[in-house]
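Labels for the chains are A, B, C and D, by order of writing; each one numbers its residues from 1.
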């Protein structure tokens, strides 16, 4: 909500046995996945091998009007995408799904993640004459698949070969004239799961909440390294890249995913409750009420309350209409900006010792303002507890934790941060605990942003806007 | 959120000692009051006696773009309005503030409430040659004030005289070339309060949460029957209509108002906690978890949990982007419509005996669908508790509880309703208890929708779209 | 096109024997009348006595989308309006048709013209308690009709009575629940004519070109002072205000009307040819080519050529897409602004002595720029001929020739103007000739803007924005 | 205007010595070139090697709002494009300028024309791994340049090499980080000319009218086969592809270009006058008036009149607001559709023998309707004269005369066509004459659409939507 880490994308794909309103299903599913990316969205539909698509900057319900959906028409396959860009450059050319024509016809591609060798691959293709329309990794993936499609007999084999070359995080959904394909990188950094309907549709989505929204059923997660091919209504797996050690982003549980999603067998909501409970154990405090910063701090606050016995309270009201863009306040109003979105409930905090739970601290500015709201509403003490460890390392696998100089935990000790944001005490969840929040999850985790232990070699350099600024001398 | 009672309006007014960005303050305040009306919104600004305005169907952040706000310009007074219409007829002509020119110059008027003698007054003015552009009561109020302005020396005296004639519920903010005036009907059906800023601005708003959003301070409520006049920076009261028995709508506490607002000295959030606690006492049940239907059932659920000792849980996730209009699902998707907005959290309810709290039941259709979500997510028992008594009477004072034939409680017993919506047990808050939820509130309440005891004689007939359909024979 | 006189409005009304797509007919008719007003437009439709309407600032094809037209629905009567405001204040509240409810039900009203006693009437109504939403004369007319409707048995009698009170120019189309009525002021300042279709529709329009656009047939002009009532498919006349001396605005023929319209029996196109021919007789010149300033100077140029024997040429190309709003050029581009709209054809004027015909000169600025285009394109001499006499008096009857200080002819002699705009010679059409351009027209003319001889007493004062600025002291 | 041949595109480029408002100049120039393509438009600006762009379906003044232009910002180079697509597939992916990143950085490309070997080239690149985002030839050109950029030392040499491979019609403007380049195919099928301003800007445009609109001066045409490079304010030529026989599309003079443009030294307006004069000589007729079908038939009508001595008349009024999209009329209105755009002037044609001039007949349907307008307005005879020869062959060089089965002249004799469209006589301009209309033009012409004599070998097959429908079996 405020000054926090951003997920890059959500993906979706559907295969129906017959020509039907796959576009509408995609629309509602993207609506359910909207929290994974609010910058742009897109839908591509496949009707007898003809792929139509539309993508634009904006939110799903704003971009896809009834008229727009009708123009997309019907089909028996569709894929969709919601996107948050990691760069300031909100370029329409980067919106997805990417729809291209290559040697074997049209292909549509939706991608969540980040390649660690995108720059090197792009350079390689450029040196062979490739042209790029945007700056996203997705075009690089498209070239890699196309390159292999030239020398293989099927699109799925091309994907399989391409995965030998692609490094980093990618959860892909792609559509050829005849097939719907999902693929997940061998570490499984980003979630991707499989659903179905009673009528026989096969569905892929970044999170299981998308299945619920359209009345579909969760089947299982796509395995790290797995390629799932749907053709003529049949689903089959290619598992040549499976079997390595997985490294699911633990921050999906802490913040990114919707609490009603289940990822790798673990409930996101429960993971947050557990994070709160661990926090209570690791950083106990004498207080009168536990409150969460909406929306993602609420579950952990409840877990903290349950573990500690300190009553749970509703300390903040968030304006329901936040999310819509609104005008920038003038200087005079600026310092009140946080109040436009969030208000403290005086009746809950006045005269109380308050434990305030949030999922993370990035720069600290917003935390300071929120703490101030509580002080003004009469809280006598404010103890902040954070349901994840301090960020101290950039992420190369699909989030925008991209440089140390923005991260407050790289520059200050916990005590300094506590002072900076004006709390009486501050406690972070330990790395050891964060690894245990997703109880029973059938995967290992990437916690490199907290530990610096990267599952994959990070790129030597990883400039933002890397391709934008490449201006030759001549 | 679903199939529930609608508030009709929110009003706001601001007087600044000097020409400044009153329009922006109004914008942010209306944003905070958006929950009181999502159908249309408007702002009128007064710059040296010239009143500019804009109003349109839509939400505040959608209608008031930066360009639009800039066109409104600066001034030293402004009023604003958000509106929900009680009729299906979303007529732009009824958007407010109403801005008119009359015998003494321009006047802008924003109104929350409903006159019980609007029809009779309108007829009276029409028989004297009046013409009406819309069907709202606000035009009737404007005529009544104008009529009295002809025979009085000031706008405030005209308002005072007009109040002798106006019957029913009205919380008004109005602006003449030189003055900002607030007035509340003698029963004080709808809230209206006074705030100020350090720089000397005087502010009126339907709810105190609007003050918080712009960094202003709550001063006090406008008293039932009071007229507050701001002129040359001074505020004074006219109290000739004060002193009667008040009748604040108790449903403001149950559902309409934002939990962070304080009305007549009572916290809305606390009132809901108390409603939940009373419910636990009146309708105890053996269960494993208490959950609330978002958003307005959450506080009462927490109160129920605290009183009963049954753990509080997050049973539902509401899509954060609901509120934006989205396309109507096709027939095939229709039955899943509730899932687009709301999803049950399986980890919380599976295998559990669930107490589900909501603020009210209107038709019952949506409740049945929500209960079904819980069943499908594995709840073994569902006990519904409603934090208000059954609606059995129409409201004539500014909400859309307008006819008995839509109200399920007029047609079925509690047992029948329980069966209809598929719960194992159902309990409503008693009338006696609802009267006590707003602890320490310095007012009496209107609970006519539950009891049929109207503080003011209801109109003999009160057709919806009453003026639309009045077609003379000739 | 540039810096010229603006017409205020165009009106339209249709009565169909059965419920049908009257809205669409109105749409296409307004499209044909768009030249009479580009500021705002509106349509009101009557379906069984229920009047729905929409009006907004903008051009007909931009405002009335398919979706908007569909919302208006069908009916058996509709009226429409296009508007150009004479004030800078483009207030949406002044858009027409005005749709109101009064003592006998709803009424919709579209008006072209200008009352000379609007100020006095408005004051009179205000002193009786009237409130006004906008500043247009149309609201005054509505009050006058409503006032009389109270004391008469029918809407048409109310109109008849109202006309005793209304002074100045008005061509009205109005719609009651059962009737469609057209009325024209006793002098017939503004045109209004009657058409029909084979299927039995009765139609009113400002100009006959609207009939052609929808495949209807011209029947006759509404007579000055006549009220035409359509009810149950029958048309009847009220002629109590007929019989006075008519005073049709002669500038309708010179500039306002479309050349394919026929007004009072005279072709507009022919009138312009005659104006050109008279000019050739009155101000002969030795030259090589005669060109017109598009669009309204073209016909007169052809007439001048035919009379003088000097060849007619296409001296200018006007950008076909002018009319759409475009961004304001920066300072550097400003002096080229006229080139964005108009370009000289070098092949036609290079090395030639050119006669350039325009319909009028208002301030002279644009004429100077256009002349400069010809010089730069190589014209050796430029002789300007103007197909109307010099404006020296304000118009009070529906155009925006409103004050002497903007009119160049009030401040300079013809020779001075010639020098100012840089032409070798300049000749205006004489007043005597302009009176004869509409050959065989069955009416007399108002030429007060040229002569100062007003057919109706002009108002003592006629401030622009007259009602906007009326701020009482208290 | 109706059922006529469409030009495909207009291009523009500007190089300013310093960073300035090149975007605005491009905007106004595209506005002047809007007649060459109304489907989509785009602008790309180069600021220190960073290229920003925006392109969208719609007209220039609708797409490029002040806000949009401001976002594009300033720079010292910009290119622009207006487009009409030859296929029904209005795909946003095909809008131009195409902006890509390749081995040497970004490149922006705007193209008018049509490659005859696009299909073969595209196939060749696809077989080497290329991916295509749209279906336009422009992507093929981009690949060809990129391919050569890999093996050459500069962008201009890459263009020079690319031109060895590109066949057909192309007038290109392209922008690299440092250079602005214009290139025209060796036959010079489509126009492209060079302008300058006093401040030192170098400008390229499809037509000279674009220079006039921004106050620039015409310098000369780009020669067929010439590459013009602007770098550091200096302009130089590469002429290795010059010297062949030119083949300028003669239909540019007949219909496509604006009359105020000068192409290859010949005035378009004069060419049309001459076409009319030749027609009068080849197909004389006894008549009372000569009229043109707006807009492109007007000049030829004047030429016919001057040659024949039959008076010139304004027979039709075209609605000035045509060009804006308007709603589709219902069935009942459909037969009147032509009347919405065009109306006959009864005063001019009633009782007259009329010669009606149009620039071409494609399918004949619209001609029949227009002739009918004249008959209904009272014309006693209608003699149609067409200012070009009959179309009997498809065009492969950038217009949409694409298949014989739509061309009426392929299916009927002139007599049959005359009967079909209801005229008393019909005469086409001879091929011999059309070759002489552009007097003194320093080029030869392509008249293959009339003669079938193609200057370049046409492709064996040339399917429309050729790349859309290419669906592999597997």
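Annotations for the structure displayed:
Please note the rule applied: a residue touches a chain if its C-beta (ideal position, glycine included) is under 8 Å from a C-beta of that chain, and two chains touch if they have at least 3 such contacts.
The structure displayed is predicted, hence computed values, not measured ones.
Identification of common neighbours of chain A and chain D yields an empty set. Separating the centre of chain C from that of chain D, both taken as means of CA atoms, is a distance of 37 Å. Computed centre separation for the pair chain A/chain C is 60 angstrom, with centres defined by C-alpha atoms.
Residues of chain B in contact with two or more other chains: none. Viewed as a contact network, the protein chains form a single closed ring in which every chain touches exactly two others.
Chain B meets chain A in the complex at residues 21, 24-25, 27-28, 31-32, 34-35, 59-62, 64-66, 69, 209, 212-215, 258-260, 262, 267, 269-270, 295, 298-299, 302, 306, 311-314, 317, 319-321, 323-330, 332-333, 335-336, 339-340, 343-348.
Against chain D, the residues of chain A that register as touching in their complex are 48-50, 93, 99-106, 125-133, 135, 139, 142-143, 146-147, 150, 153-154, 177-178, 467-472, 474.
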